[in-house]
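Following are the structures in question.
Below are two complexes that have chain A in common, paired first with chain B and then with chain C.
This part shows the complex of A and B:
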């Protein structure tokens, strides 16, 4: 039953999915946030009736449209790649995972696509209020679609609300609300949309800063910066808050990922939080994998224990304990033991399939009863995915990638809080336009916002390796049976296409910014 | 009390309706496929592109929802077909990806790829999209070469991974029928929504050719469908057996499917007929619903009355039916409650559509909004 999987097929399939996801995520956060900013600006226009606000709204709406189209283009590939490249996964969890995707289509995509047409083509065809409502509905639709896809993603990180059906060899949903209100889903949704709001705010602030540096469109630029700074400050604080909550949840449901992004190898009480650090290979090994040491690091003593459990005496397990098993007091099951239990679960499933093949009714009933036994589910089937690991250290993700992506994201997050706060302060003092150094910082912050945003997803997805579904299915078992050449070819095709489209998008976007809002009316 | 079987039927109906809606909305692709051949000047070309461009999102969203709904309700199909017929689906996805940006970017300044590139993207999507989707749907009737192991993991049995479907004449007939239907619907939509006499006259002339081509390929497919053998499911044992004239039997056993089919065909023919012979501009209002009904009926005979909707010609035992490929009772029931919102969604789409289409497209009308593709 344990198949010999061609790892190069797994690697290319992962590379293709990562490529699509990374490109898709360049565009989506701007859509999430800019849609709300545009709706806010239009609200002011409808309330005041001032044409300047309409011009301003239409300028940002044009940029929204350019970005929106390419987000849609990359999104369709992502949805179907679950089937094309991860077909075993699609069957194993389709009963649960498919539902959020379908709801996303029915509830969110139609809302978005219907009213985006009114947004762009309805200025002179519908009333002001209907148009404004359409702009808000596009924003709501975009963020609703984020909700459902993140519910699906969160389920992969923390599978809940299902039972395994040995007859169909798949997991089946038994509690929709558990799936929807999965604690990982709640944290992930809030953290992700607020990060999108923040990125969009930084984008609007950066573009407006460019106008101020060029002494163009000053009326629009100052108001845009004001709205975006307030929205950005609020969002950045929410990002920090939800990030903290997210980390606490991860410490429970994905402790290896949690330890990896802190490069926390040796567990203990009074664990310190690494603010910044540089990693190097250690002399110590876990299996065949080298541990990492810090070349240098700045740590806040006790903070990791306090942030994780609210007390400095809270024990925070390290990667070593999580893999090899801690002492009796720590009560951590080693990966080796989990692999053993997973293999027992797999054997029981094989027995069931063989009994069905032989039509041995007595054995079918007996094995079926095992799958109804809670202790079997909690102690054996829970570790089903470990049966496919080749060695305990396979359970360790790439620590440097997790560590650096996490710390980069967090540092940039705090940087954006400062940028938004300083921006509001300078606006209130009326010295923003004179502070050219700050305007340059704001402008240069645009790429940093994208780096922070992508880092978050790299952490989320690389940090959970080797799992496609935490503890239940490693990526090696999820992949479609395709030739490596096929996947390599589509990877190259998509890489070329997405890159060409990105170049076109950036070029068009820059030109539209340079043209500015006045041109819209000419 | 709702039974599992009822839910499986219910969801097959929803999938069938979505498929019908998708094929109708591919009038956008049909219009795109003629942007080089129908207009005589740039102004007409811009009007065609803008007429289609205001609706492309609906087609795109319906395709995505169709995929999502199939995944949620019949995940074994999603895993088997997408993971197996890899190249066929990838070609379809590729063609839709290049469509999504083409409208927004084609006429924007600093478009580094050039307007012609994006127009060619529209042409590729307009031609390949309907043709390949039609070909892929035809495999619901003609079968594919795959097998499923005891864990329901798919093994495709040809190295072509879906492209072999293009070597089957019946698949090609449906693919071409869908392409010419999309073109016919595209022409009818242009006639209905653009105020340009010369363009409308040319569109009517082109409609004659395209509707004849559609009817020829459609009849070829339907005749071969009615006389072909197909994979039937033994209701008691679940075994798959070959049955002669299975789809003809399905029409006879399910008279409602036959009535839907005939009503759909009549509506399509009426819509084309009044446009060609009476120069009526409202033909799309008949061919559109007619298209939905015809596709709905074809899907019903493909999946209901103990029929395998995704047969395996390599290993008939691996064939997919609405019973063995569906989600669990709980998921189908939960999704049924979600589906109750569909009439509300259809309502606001209708309202917004009418609001945008209340003025015919002209050069002046396009300038009014300032958002010209």
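This part shows the complex of A and C:
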């Protein structure tokens, strides 16, 4: 990495952002999924007119409201951090980040704020159908808000639809639709919202399981589990499907991340998919970095090749080939070559800077033309970030973190498919209430759903390292030159603030759950 | 204006009644929301999270120049 950046500043800034994002993400997925579950329950109420369904809807709406209220605005802090701690990055991304976030802000304000008020204040004041429409609009609005955030994040994983303007040192959006329909954005949006639906389903199932274990509110608990387990089973299957599609996209646009989360060091055909494994340091190195070997692993033969390209004979490059370059048949550009190309792009930008200082208009225009040239953009500027790597192995993310977070997420995903399916089976057989062992499993699954959800984000963000914007900007170039002390101070402030919010949420929620739906009419 | 007033009045009444008749948990979370917004927008934004480039430079040209210097700052160039 470049030597004039204090890595402890980078590390503290990263830790601060990670802490804020992880806490923020505790609140978001439950809002995404519970809003739909509440809308479904209310739909049954409106169709049947039965008061039990209204009580049930209002109970879950209360828990939704607590989560929504505690979580609201926690994401704003991330935007503050962009401007304060990541100013180079914020400037460099220009309107590409600004536009989706502005749309998100407007949507969140008008759709959610207006209709959330109708949801909570509107019982007995607006018609049943208008209230129901508001509940659905809150659910749709919350998920549409997530779309714009995820579009912005997807651009960091796969920057498309922009050109770099050397005059302003910013990227400018030239194709909004390319940014919106970025393949990473489509996969990420679907994968994320379905994982939110799954988490909310597990939450509803877990809380309902607690009622059944306590032999309270059995009518509501059984129906809640039925709706949540059907919604959860559908969502978990969609999570698996979109995860598969996401992995296929990553294999193309972020192949090092893809290889890292499988700890796939040596490329080849008939590549197997690791189901479970334990890593250790290998005797082999890539540059100064040690490779990893498996202490043990269970693999499905050929599956990685099949999942990547639909055929067991598809070649899947390993981390080694992606860094050192493949043979002619594989046509993989080595990181060293990308570093060379990136430095050429950097040199052109430096020439531009010097021409501006010297007010050399002819050279300024000449360099501007280079930046408009497609061949320069595709072959040199797209590797701009590689100019700042010290050695090729710097392009490798932390493999154990990527590997374990990915496999934990996947294993828990399959566990939830089983939990939802067994739950439906036991409900249909009429033995759910007697299966106390299973009710305990469902209850204890609530924290596991959060662990799976957070693991997905850890994989997405840690797997992208060393980049803040894939191939264009390393994290070390993005950071603001602040004092380490000030970043540490805000880190501690956030840790205290978010922990207090989390404690408040959990305690208010537990209290409301213990009260149950009886007093929801108050 | 005549047409607007009854609608505005109904909207006001809707929110007024909503807040007035709010449940106990609703009051609690509103207190939390207000304290949180105060901390985020008053304490954090003003004292800890001023925009780095806006604070340091007066206009976009200066900001561009600063960032251009930052992103071309590498040991591998002739500069």
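The definition used in the following text is that the second predicted complex is superposed on the first by the 514 of 522 C-alpha atoms of A that agree within 3 Å, B and C clash if a C-alpha of one lies under 4 Å from a C-alpha of the other, contacts with A are read in each partner's own complex, and residues count from 1 in each chain.
One rule holds in what follows: a contact is a pair of C-beta atoms (placed from the backbone, for glycine too) under 8 Å apart; a residue touches a chain by one contact, two chains touch by 3 or more.
No experiment lies behind these values; they were computed from the predicted model shown.
On the superposed chain A, the positions of chain B and chain C overlap enough to count as a clash.
When the shared chain is aligned, chain B comes close enough to touch A:130, but chain C does not. Between chain B and chain C, B touches the greater number of residues of chain A.
With both structures placed on the common chain, the touch criterion links A:473 to chain C but leaves chain B unconnected. Look at A:248: by the touch rule set out above, it reaches neither chain B nor chain C. By the document's definition of touching, of the two partners only chain C reaches A:388; chain B does not.
Judged by the touch definition given at the top, the superposed model places A:312 against neither chain B nor chain C. In the superposition on chain A, A:343 makes contact with chain C only, not with chain B.
With both structures placed on the common chain, the touch criterion links A:115 to chain B but leaves chain C unconnected. Contacts of A:168 after superposition: both chain B and chain C are touched. Of the two partner chains, neither chain B nor chain C is touched by A:368.
Overlap of the chain B and chain C interfaces on chain A comprises residues 62, 65-66, 69-70, 72-74, 76-77, 80, 83-85, 87-88, 90-91, 117, 120-122, 125, 168-170, 353, 480, 482, 486, 490, 493, 497, 501, 504, 508, 511-512.
Chain contact summary for the complex, chain A toward chain B: residues 1, 58, 62, 65-66, 68-70, 72-77, 79-80, 82-88, 90-91, 94-99, 101-107, 109-118, 120-126, 130, 134, 165, 168-170, 172-174, 176, 353, 357, 480-483, 486, 490, 493, 497, 500-501, 503-505, 507-508, 510-512, 515, 520-521.
Those residues of chain B whose C-beta lies close enough to touch chain A in the complex are 54-55, 57-58, 60-61, 63-65, 67-69, 71-73, 75-76, 78-84, 86-87, 89-90, 93-94, 96-101, 103-105, 108-113, 150-156, 159, 161, 327-328, 330-331, 334-335, 338-339, 341-342, 345, 348-349, 352-353, 355-356, 358-359, 368-371. Interface residues of chain C, counted against chain A in their complex, comprise 14-15, 17-19, 23-26, 28-30, 32-33, 36-37, 39-41, 44-45, 48-54, 60, 63-65, 67-79. Chain A meets chain C in the complex at residues 2-4, 62, 65-66, 69-70, 72-74, 76-77, 80-81, 83-85, 87-88, 90-92, 117, 120-122, 125, 166-170, 343, 346-347, 349-350, 353-354, 387-388, 473, 477, 480, 482, 486, 489-490, 493, 497, 501, 504, 508, 511-512, 522.
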